[in-house]
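Below you'll find the structure I mean.
Letters A, B and C mark the chains in the order given here, with residues in each chain numbered from 1 onward.
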């Protein structure tokens, strides 16, 4: 016991604080970076932090999927698009913020609302110090089981949506005859869940 | 004695030591927990450095033998100190950042590349019950490894973009396209092994192959296609010849690391050899039984598992080096065609065969 | 076992959501606005996992993982959203030559 708590608690605090800090820092960087490319990298930091939060919440599968799909595929896709746009325009694309007052007001209002909501809600007492019986090793099997039983229909619908969006993205980004050349590459949906 | 028990012994010894100095046990446990993270991280980097030291020498010797040369002979007996000389040379070189480059991105590019490479080492099962941090695998080792591996191209893209040079940018774009494409057949091959072992944990995959060499995955006929797919896409993922178009010196000067010198170049170099060892390790774990001895499960020779793992990985590394000096470099369109028109369909076929095998109950 | 209270995760998610909102509203570059949407999606995902970890309606293991399954779906849909969104931005740039979503209006002159 260390100040009335076992040491594992401090380990978890430490892990949570670092990961949450990473998430918020990344989020802040994403919205204030002046160029798009660094903003994408900040997003990557943020996504890594979120993956860490999942790991702390016994979602190891989610952690891996988050890195694989979000960081490995989605961010790369965005970076590709930024590169393509940059090659077309031939100049560094700036992304300064505009409507600052409106943005700050809206975001501040939203944040206040959420925070007030969080701290005034009375949660069911079963929550604290009484965590559910999730074990990292079993989660994968159970999630797979859930996906093929309880959530089979949403799972199938998601795959149809993936296919539809892949075709849609190809059709939208396809170069039509007579358009400016050098725009042949179309972003594709590489990512599978 | 496995690596894990050694770790436990060291931990207990440290707690005893600290208790002797009057530190509360819980506090010393906390300190040691944090220390373990740091040591684990350091071990990953050290593994990469050792791999690079050995592989630089090995690569030069192997290419020498393949081309009927001697390779390095001057530094030390049979040139064995060549790697150290190379490292010192790289360390002493001037660090140049091009005037028009983005200083920050130019610097974090190689760091990211190396960090991502080191991160993947976290889940490698070196021995029975032993990744660097004990049990970090958490049942999703395969997925984590694939996920982190797919992040490697971020480092390449950042470095290539930050250099503000057309060769670098072209190399980075090629690298990103190549790595994204070859990730798919790699994952499909991985899925076959996962279906066979019914687990996403790398340690679990080794457990599934327990027994002598007959029980290993590469001897199962339905695994032959995944073996080939994984080896090819693995070589493509780490940008080695014949898939080294991101740094093709005949077209792109030297691709994404054109503008790098000294230590930053050395970081790219380190990470490339780290990735080479990683692919070899993962291949050994997936198909060659990882730390298992070929003579049966409790190893009759009583060697530590890590020796078997490294021996198998060395075999794979030698094959990859042999391929490097045998096959010519592919053109960009051929490379993409190979991935999308041949390997991805083949991957789906392999997955289908694997499913059929499971349905028929042969697995 | 988990000493970090549920509220801590919710606060992180809430702040992230507000940041995302700010990004979407103020960015002058369509791709950067898309990044804001990603932040908001991630904030929602954190909430889903945190609630399912701390406050499952009953202790059966199936419901404990509901939130995680939702997150898997959300991640898949986010991939779709980004692919289509980037395609639209590319198309917007080719037809109208602008990247600022505010300027992409042919209704007002």
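To be clear about the criterion, a contact is a pair of C-beta atoms (placed from the backbone, for glycine too) under 8 Å apart; a residue touches a chain by one contact, two chains touch by 3 or more.
These numbers were taken from a predicted model, which means no experiment stands behind them.
**Student:** Testing understanding: with touching defined as stated, what is the shape of the graph linking the protein chains, line, ring, star, complete or other?
**Tutor:** Contact map by chain: line.
**Student:** Looking only at C-beta pairs in contact, point me to the busier pair out of A-B and A-C.
**Tutor:** A-C
**Student:** I'd like the Å distance between the centres of chain B and chain C, where a centre is the mean of that chain's Cα atoms.
**Tutor:** Inter-chain centre distance comes to 32 Å.
**Student:** Once you find the CA centre of chain A and the CA centre of chain B, what distance in Å lies between them?
**Tutor:** Distance between chain centres: 26 Å.
**Student:** Centre to centre, by mean C-alpha position, how many angstrom separate chain A and chain C?
**Tutor:** Averaging C-alpha atoms per chain gives centres 6 Å apart.
**Student:** Could you pull out the residues of chain B that touch at least 2 other chains?
**Tutor:** Correct list: empty.
**Student:** Which parts of chain A, given as residue numbers and ranges, touch two or more other chains?
**Tutor:** Chain A, residues with two or more chain partners: 61, 65, 73, 138-139.
**Student:** Tell me, which parts of chain B touch chain A in their complex?
**Tutor:** For this pair, the touching residues of chain B are 24, 26-27, 29-30, 33-34, 104-105, 108, 138-140, 143-144, 146-148, 150-151, 153-154, 157-158, 161, 169, 173, 176, 180, 183-184, 199-201.
**Student:** Quick check on the complex: what are the chain A residues that touch chain B?
**Tutor:** 1-2, 6-7, 10-11, 14, 37-38, 41, 44, 55, 60-61, 63-65, 67-68, 71-73, 75-76, 79-80, 83, 136-140, 190
**Student:** So in the complex, the part of chain A that touches chain C is made up of which residues?
**Tutor:** 5, 8-9, 12-13, 16, 20, 23-24, 27-28, 30-31, 36, 39-40, 43, 46-47, 50, 53-54, 56-59, 61-62, 65-66, 69-70, 73-74, 77-78, 81-82, 84-85, 88, 93-100, 102-104, 106-108, 110-111, 114-115, 118-119, 123-124, 126-129, 131-134, 138-139, 142-143, 146-147, 150-151, 154-155, 158, 161-162, 164-166, 168-170, 172-173, 179-180, 183, 186-189, 191-193
**Student:** Write out the stretch or stretches of chain C touching chain A in their complex.
**Tutor:** 1-12, 14-23, 25-29, 31-32, 34-36, 38-39, 42, 45-46, 49-50, 53-56, 59, 61-62, 64-66, 68-69, 71-73, 75-84, 86-91, 93-94, 99, 102
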